[in-house]
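A, B and C are the chain letters, set down in written order, and residue numbers restart from 1 in every chain.
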Amino acid sequence: MIELRNVSKIYPNGTKGLNNINLTFGKGEFVVVVGLSGAGKSTLLRSINRLHEISEGDIRIQGQSITAAKGVQLRRIRRGIGMVFQSFNLVKRSSVLRNVLAGRVGYHSTLRTLFGFPKHDVELALQALGRVNIAEKAYTRADQLSGGQQQRVAIARVLAQEAQIILADEPVASLDPLTTKQVMDDLQRINQELGITTIVNLHYIDLAREYATRIVGLRAGEVVFDGPVSEATDERFAEIYGRPIQRDELLEVAQP
Amino acid sequence: MNGTPTPSAALPKPPRKLKHLLTLVLVILLLWGSAHRIEASFGRLFKGLPNMWDLIAEMFPPKWTYFDNVVQPMLDTIRMAIAGTTLGAIVAVPIAVLAASNMVRSPWIYQFFRIVLNLLRTVPDLLLAALFVAIFGLGMIPGILALAVFSVGLIAKLTYESLETIDRGPMEAMTSVGANKLQLILFSVVPQMIPYFISYVLYTLEINVRAAAVLGLVGAGGIGLYYEKTLGFLEYDKTNAIILFTLAIVLAVDYLSTKLREKLL
Amino acid sequence: MNRKRWVRWLIFAVIVLIYVWTFWGLPLSGIKETAGQITRSIFRGLFHPDWGYVYLPDGEDLLRGLLDTLAIAVLGTFISAILCVPFAFWASANRGKSRVHSGTGKVILSVVRTFPEIILALLFIKAVGPGSFAGALALGLHSIGMLGKLFAEEIENMDAGPTEALIATGASRMQILWFAILPQVLPGFLSYTLYRFELNVRSATILGIIGAGGIGTPLIFALNTRHWDRVGIILLGIIVTVTLIDLASGYFRRKLA
């Protein structure tokens, strides 16, 4: 499904973001990527849909190389990969529905989307909102929603996109513990019901253990752990982080 | 998606778009009405464009030797701007204090001065200059006065607005040591305000240099008179020399003033 | 410490020199003896205006002059609001552009801003003949400079997140513009356009001085023919119109914020 082969990323200032990464993610997996900030989690995720360019190696999405893709071909591949961001990245002044419909633009010509969407798309968007339980907010302006609700709109955008893969970059870092649970539950439910491959970057290790089917640990741009949750013991996390687990890395402890 | 569809009964109704539509219609009507009123048309514009090109063609090359004739009026223009801004700045100080709600207790007083300032700023400087020319006759004096009046409006407004946002800490400290109102203003308000005030004066000077360059069109001195002279005699290469000269002076003043303002704040 | 004091003295000396140069030999003479009398006449005109001039059945009255003025401002503002958009995108320093690229745009905008509208009006009169149309074109061209700069700043202050999200969904460049950029910048654009409209109404009142239409023409005529009561009513008309426009525009701008 997703294959990273010998992927390295070197920033213009010489620092290595990713160092010779080899990973394969299968269909329906719920992968959580953990590591200290600066370990390369975000770079890894953004390389998969090429929001960041890589310096070496090749990334293949369902057999197609996104690294080599150009123009329409690149946009087609991106259309199949939904992304959820830490800061939601909604157009705050637009309505919720319009934000969700933005997930549909990849399916139509530019001209078609300038003059409104087909009815089918609007229904799809409303269904997606229903799936994250905020259909009643469809015509509200996005900036009138709470953080948790905004993130659910972003998830609905990904659903409307009919993506086979969801990338979530620290999706709960700006949320309180209660909404964190709701958003993670949404992601898990979608992963299980629709079989969408989901890759999530997380800061909290207890959250990672609770939701993941597989955990990948990064340190200084290298994969230092890759295995099922059962193997991700406190000792192994201590290795990933290069030091014992700290209190603020546990959601339950950090925010009682 | 192949999940269960959401029952459509739970969905909210889309909002009416009537308001947006009406606004759009109104704006279009306004534009159409305006275009009709002043007899604007693409036809006229396209018919005029060749004339415009001819004119621009005649402007080049600029007649550089004409510089000698306009250096003195250009210097006069700058002097007018400096004199007008200074005069305006001096008058603006007491008015700004009287218009600030944290300096004057009575809302009657500060509201009155604000209204006066607003009225002052409704009259453009060129119009003021035309009035002052009618009163004092041709020359630099009406120009300087017009710029001064305009400057009072602008500087006093900017100053009273920032006066209202000053830090009250030093003022309270002064009050606690038993200072009277005048001492209060001198030792706690003035030191806080001076960089802002100078910055506003410089900003107004930038605007006034631009304004002073055209005041001559109504006979209020400076380089503006030479625009009309050269255009009237169809000496467009000379006009261009003046335009480029003015451009250089204005950009130079802008640059200097911006650099100074950055240093101040 | 010593050096600092020295610099202070230097600045002080330069300022003194500038002022000596400015005021030295400023021609204080040549003021008409009638100045006081005319001032009184103008004030009398302001308080006893020529009400009959407000509306005349056969044209050329205050209301029509003001209407022309507003029409010039509306059209001039519209022209500049449309034409400045490409310049604004050119001059905005985000979206991964080189500094040289946006810098060039900024310089062009500031050069445009430097041309006074009244000089542009003189040029347009040569092209399309005297009248309001020349005035509107002049305002339209001149306003590009300021509106372009303000629009560019609005684009620079925009949140880059939605753009990133749209790229990730596989949107084309036009779709990114339409769905991520325009919804964010449009309210700001409209607000600045209204602000520029306020300024353009003021500018339009003076265009008539050089024959580019609007209320300025009868005003300069009344001044030259010493019809002080007419000067009074025209000044009142301008003050009232500009104030009303400011209030209305301010109301709409607050709603947009």
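Here, contacts are C-beta pairs under 8 Å (C-beta built on N, C-alpha and C of every residue); 3 or more make two chains touch, one makes a residue touch a chain.
Everything numeric in this text was worked out from a predicted model, so none of it was measured.
With respect to subunit B, maximal separation of chain centres occurs for A (centres as means of Cα atoms). Looking at A-C and A-B side by side, the one with more C-beta contacts is A-C. With centres set at the average Cα position, the gap from subunit B to subunit C is 8 Å.
Centre-to-centre separation of subunit A and subunit B, using mean CA positions: 50 Å.
Subunit C meets subunit A in the complex at residues 159, 161-162, 164-172, 174-175, 178-180, 183-184, 187. Interface of subunit C with subunit B (complex): residues 18-19, 21-23, 26-28, 30-32, 35, 38-39, 42, 67-68, 70-72, 74-75, 78, 110-111, 114-116, 118-119, 122-124, 126-129, 131-133, 135-137, 202-203, 205-206, 209-210, 213, 216, 219-220, 223, 226, 231, 235, 238-239, 242-243, 246. Within the complex, the subunit A residues that touch subunit B are 123-124, 126-131, 135-139, 159, 162, 193-194. Residues 30-31, 33-35, 37-41, 44-45, 47-49, 51-52, 55, 79, 82-83, 86, 118-119, 122-124, 126-127, 130-131, 134-137, 139-141, 144, 210-211, 213-214, 217-218, 227-228, 231, 243, 246-247, 250-251, 254 of subunit B are the ones touching subunit C in the complex. Residue ranges on subunit B touching subunit A, taken from their complex, read 1-3, 5-6, 8, 10-15.
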